[in-house]
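Two complexes, one shared chain (chain A), two partners (chain B, chain C).
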Partner chain A sequence: MNVRRILAIARKELIQVRRDPRSLAIALLLPLMQMFLLGYGISLDITNIPTCVYDQEASQHSQALLARFKASRYFGIVKSVWDYGALRRALDAGDCQLGIVVPWNFSLRLSTDGKSSVQALVDATNDNTATLAAGYAQSVVSAYAADDLELRFTGTGRRLGAPQPLAVDSRVWFNEDLASRDFIIPGLVAMIMALVGALLTSLTLSREWERGTMELLISTPVTSMELMIGKLLPYFAIGMADAAFCVALAVGWFGVPFRGQLVTLFLTTLLFLAVVLGIGYAISAAIRSQIGASQVALLLTMLPTAMLSGFSFPIDQMPAVIRAITYVVYSRYYVTIVKAVFLKGSGLAQLALPIAGLLIYAVVITFVAARAFRKSLG
Partner chain B sequence: MNGQIVAENLVKRFGEFVAVDGVSFSVSRGEIMGFIGPNGAGKSTIIRIFCGLLRPSSGVARVAGIDVARDPEAVRQRIGYMSQKFSLYSDLTAEENLRFFARIYRVPRAELDARIQRAVDMAGLAGHTQALVATLAGGWKQRLALGCAILHKPAILFLDEPTSGVDPQARRRFWELIHATAAQGVTVLVSTHYMDEAEYCNRIALINQGRLVAVGSASELRRNPRLGDLLLVECADLGRALAALRGAPGVREAAVFGNTLHVSVADKARALAELPPFLRGKGIQPHRIVPIEPTLEDSFVELVGQAAKSEAHA
Partner chain C sequence: MLERIFALLVKEFLQMKRDRTARFRLLVPPILQLIIFGYAATFEVFGVSTVVLDQDHSQESRQLLACFTSSGRFQVAQVADSRREVRHALDVGAATLALVIQPGFAQLLQKGQSAPLQVLVDGTNSNTALIALGYVGQIASGYAQDYASTLAQRRGLMQQQAPPQITLEQRYWYNENLNSRWFFVPGVVATLTMFMVVNLTSFAIVREREVGTLEQIMVTPVRPLEFILGKTVPFFLIGFTEVALITAVALLWFQVPFRGSPLTMVLGASLFLLSALGLGILVSTICRTQQQAFATNFFVLNPLFTLSGFAFPISSMPQALQWVTLIDPLRYFLIVVRGSFLKGIGVSYLWPQLAAMAAIGVVLLGLSALRLQKSID
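Now for the complex of A and B:
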């Protein structure tokens, strides 16, 4: 193995990337676009759910309750209606996704029974939104009821007839605001690394085959190991630069808290890059056209990372079979690591398990990539 | 055999297709050996076997005494190769290409600049070293490719159709470079499908359908005794004349050559006397019939024809 040869290849590769608009776009533009598109586009929080209200009671109490809906950032009152037919039409037409009906005896029951009910009609064609909307509505109403009770209690100086209902007081750790963006963006960094790394390297050998330069290259004494290392070095540098850029955006622009240590992130990112660059390289050795190789690279990185890494869908809520499959999805380990470093501030020791997973992958993939390319035209 | 390039009964099959069919030859040090034959004759396949890019199905290919199949890397260190398709990096400048290959071949650092300068001078690229290779004209690209191939001072050069698609002036200049290189003791194996380029080679191997049809110097191959005497026939209807002549008495072979016919005959004097009345009898008016010196192409046509006949008899 000759260092000078490796550097010669790395230098040549870097010049080519610099002069190839397609590679440049992947290296520079893709991370930026992905960060902004997905950083803003994917948010599991729902705000301003279009809501219709049908206030049958039209009293001070019912208006106070509806004012709370108005004040909440989760709901946007788009319309007030005066009968069920109008409410139904509004839901059907898609003017609103939620209908709140305050019954005519709302305050009466609240004062006599100490409890009352409000009807929520939800358009469940988007079941995720529906569940969340119903949940948010429930909490608004509960909060109102509790405050109302307290008001009465302090107002009369009487003890409450009924004991305080037992309530779960949950405390959320690591992502206190339950902002899904904080949860998603660290995973997005993993997604971009996988995409950029594998896409760029998938072009590296196929470009030489496609342009006919491979024939001359393999007639020289360069070894396939020197070729692999020389070709992957620049992409390590580009990958690390992209990672730094994404992390900077995540913290500086999106305000995601970063509680861990950069060194942990740096080391694990190197490991993850070894995996994705190796995958791209092996694809490039097997498929001798740039378009074909980049298609396969997309398929093998974007799809599993988006679906099965825990980036967008929580792994522990997947069916057992799918959950088992996620263990072979290499990005699952890195997504776990990045999220933990960002939100929990985990160090290398706490992340030993996912790091071991990545390490095994890195070793296997490097081996496969090194074997994938043969210096022969046959 | 102590040649620098030696083929012993070389065979290469691609599935059912036999691309190289039992080829043996030897090229000595400092010699320029030309491979001549039509496209698909197997010239490139033989060269690729010698460069370690393809494994022979059977037989042995030796370069500088080393069996290519056994130790391809040792061979690669000693050879320079120009592939048929231009294969330098078009998105790099001429100098970047030269530097890249110099480093890949581990040209000593101290000599790097001097060697590159020499390659630039040789290829006549001075003033164009910073131009992207994609922007260079064909002849320049070819000379740059040769420059890259000899940076590491290889003992043996394999040039696969280096002059295809290059204008005649650039071709001539290129051949001068090849001669200058060979004069320094470099052994050159060069393929071409231009018959006239055979004259530049010390020896020629005529190749057809994967077989070596004949080996010798250009003048040896032209003096093919089986060719007999050659006559040039000019007439109006070449097609009809060709058909008539092929069955004519004393005619061995007839072939179209430009807008004339080359006719190989057993006896020149008799044919000159008998052919005009024969053709007129067939309703063809010959404008001119004269004896000519055979060209390499005549010889090639005859030799390939002979090989085909003996195959048919076998």
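Now for the complex of A and C:
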């Protein structure tokens, strides 16, 4: 291993990156675009669910209930209708996603039986927003039942009911406001690094092949190990700079809390970069055309990182087969780590398991990458 | 003229047949995406891993915990003996939710007083946490109501002493069982078609330029308009086949219902393909190499995909981004596809979307044809 040769290769690679506008765009523009596009575009928080109301009773009580919906920030009343047909049409056309129907005997049943019901018609095309909308509607109705009703009916001679026997005292840890942005953005760091790292390095060897400079390189005294290290060194620097940039944006611009230690993030990020760059390098060694290499790199990073890493879809809800596959998805470990460092403030000790996963991956990939190139020398 | 166009079509299909990467591009992404979106993409919440700390050890506390496990929404991953263990389980992610029942729980219940159930939830995944909390509320209030009525019966109290109750009867329309698959799989029909058609079209034209065959075509009697038709018709057909194939998989394999009319789908797909083809040609007129086309496609398709409402609701985006989504043809096609699959609505409801796609398609295709013609002349 000769340090001088490694540095020479690294310098050559850096110059090549600087002269290639495409690589520059990936290194500089892509993180910026992804951070803002996905940071703002991916949100699971729902507010102002377009709501249609059909008040069959039109009494003081039904109006008081609907006023609660109006006051809630989760619902936006867009329409009042006077028959089921209009309600159905509004849901069909997508004018509203929720229909609240107060039946004509709403207060009558309340005063005679002490029980009544309200109907919620939910457009469940998107099952997730439907579940959330129904949950919020439930809490509005329960709050109305608990506060308003007791007061109102006490005034008209009814006795105050017994207190609710069970009081749920719930506390949310780590992401106290349940903001989906705080959940998504740390994962974006992983996504961007996987994309940038693999896309950039997938070009390093295939470029040499395509331009015919590979023979030249082979004829130099550089060993394949030195070549790999020298070629990847600049990308380590670029990757770490991109990571720093993304973390700075996440904390400074998007206001995501950072509770862990930078050292933890720094060390694990280095490890993750080793994995990603190794994958890119192996692809580059295996596929000799730049276009083919970058397509494979995109396919191997974007889809698994977005879908199978726990970035947005919870892994524990996937079927067993897919869950087993996620262990092979390298970003799974890093996504877990980044989220924990940001939100939970976890340290190295608590993250031992995912770090071990990354470490094993890094060793295997380095081995594969180093071998992949030696083979093609022959 | 028709003859020449036909000759171009034959050439295009022959080229595709011989191109290994094109076949790879036609087959692998659809299969992968269908599997991933069909099986992995779910926001549903079942079997939340739960750590339980029961410090009361009473019949009541056990009953309450049984209510949680029997719902299927929660799964006891660990039984803790102390608060420290609970904290640790949440810290390392061994559990997402913790249920803590303090000593004296049953006593308070029996006295008719309010007994606390402490719930700690890991909010890292805000969506799961929110839904899980909703289920906690439902299960707890169900238990509370049962307990209150048995207590009232035991004591012979009048029912009117129970607190007033209002139940919310929920009816889920269009996707009655709240199946994530029904939401995502039809969406894949639209997104895949876009990725496929834009990529294929732009690559095909750029390759001609790269290899130098574009000049060869220019010296043949083929006219620019014929060239454009010869380049677009094959990809239009491929796009259509793609829509039909994925729809078939959605219906037969994933059992997603198709409630609308096939004609609406055909109309929507045709209008959408105009935009996709236009976009592909436009990219090809900007780029000289396949490399550039690849990068440009990435920077164009990624925003279109993210802002389409495919997975994340447009109404949750900031207002400025919501306006941007108005020029995204995928946004409209998704509404048409989901409307046809799940809602069973037809042109009478979907005409605004169809009109928007037609407008975007005509603009994109017109613009790209003009640019292409210029670059050929």
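Definition applied: the second predicted complex is superposed on the first by the 350 of 378 C-alpha atoms of A that agree within 3 Å, B and C clash if a C-alpha of one lies under 4 Å from a C-alpha of the other, contacts with A are read in each partner's own complex, and residues count from 1 in each chain.
By our rule, a contact is a pair of C-beta atoms (placed from the backbone, for glycine too) under 8 Å apart; a residue touches a chain by one contact, two chains touch by 3 or more.
Computed from a predicted model, the values in this text were never measured in an experiment.
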**OP:** Superpose on chain A as described above, then tell me if chain B and chain C fit or clash.
**Re:** fit
**OP:** Please indicate which partner A:Leu87 is in contact with in the superposed arrangement: first for chain B, second for chain C, both, or neither.
**Re:** neither
Original post:
Which of the two partners, first being chain B and second being chain C, lies in contact with A:Leu303: first, second, both, or neither?
Top reply: second
**OP:** Report for A:Lys12: first if it touches chain B alone, second if chain C alone, otherwise both or neither.
**Re:** first
**OP:** State whether A:Pro221 touches chain B only (first), chain C only (second), both chains, or neither.
**Re:** first
**OP:** Classify the contacts of A:Ile77 with the two partner chains as first (chain B alone), second (chain C alone), both, or neither.
**Re:** neither
**OP:** Considering only touches as defined above, state whether A:Ala194 meets chain B (first), chain C (second), both or neither.
**Re:** neither
Subject >> Angle at the Cα centre of chain A, taken between the Cα centres of chain B and chain C once the superposition is applied, in steps of 10 degrees >> reply: 90
**OP:** Would you sort A:Ser142 into first (chain B), second (chain C), both or neither based on which partner it touches?
**Re:** second
**OP:** Tell me which of chain B and chain C touches more residues of chain A.
**Re:** C
**OP:** Answer with first, second, both or neither: which of chain B and chain C does A:Ile322 touch in the superposed model?
**Re:** second
Original post:
Once superposed, minimum distance in angstrom between C-alpha atoms of chain B and those of chain C?
Top reply: 16
Original post:
Both chain B and chain C contact which residues of chain A?
Top reply: none
Original post:
Quick one: in the complex, what on chain C touches chain A?
Top reply: 21, 25, 28-29, 32-33, 36-37, 39-49, 64, 90-93, 96, 109, 112-131, 133-134, 136-138, 140-141, 143-144, 147-148, 151, 159-176, 178-180, 182-183, 290-292, 294-295, 298-299, 302-303, 306-307, 311-313, 315-318, 321, 335, 338-339, 342-343, 345, 349
**OP:** Spell out the residues on chain A that touch chain B in their complex, using ranges where they run on.
**Re:** 2, 4-5, 7-9, 11-12, 15-16, 19-20, 211-223, 375-378
Original post:
Residues of chain B touching chain A in their complex?
Top reply: 48, 51-55, 72-73, 76-77, 79, 81-83, 85-92, 96, 99-101, 103-106
Subject >> Partner chain C, residues of chain A touching it in the complex >> reply: 22, 25-26, 29-30, 33-34, 37-38, 40-50, 65, 91-94, 110, 114-132, 134-135, 137-139, 141-142, 144-146, 149-150, 153, 158-159, 161-176, 178-180, 182-183, 290-292, 294-295, 298-299, 303, 307-308, 310, 312-314, 316-319, 321-322, 336, 339-340, 343-344, 346, 350, 353
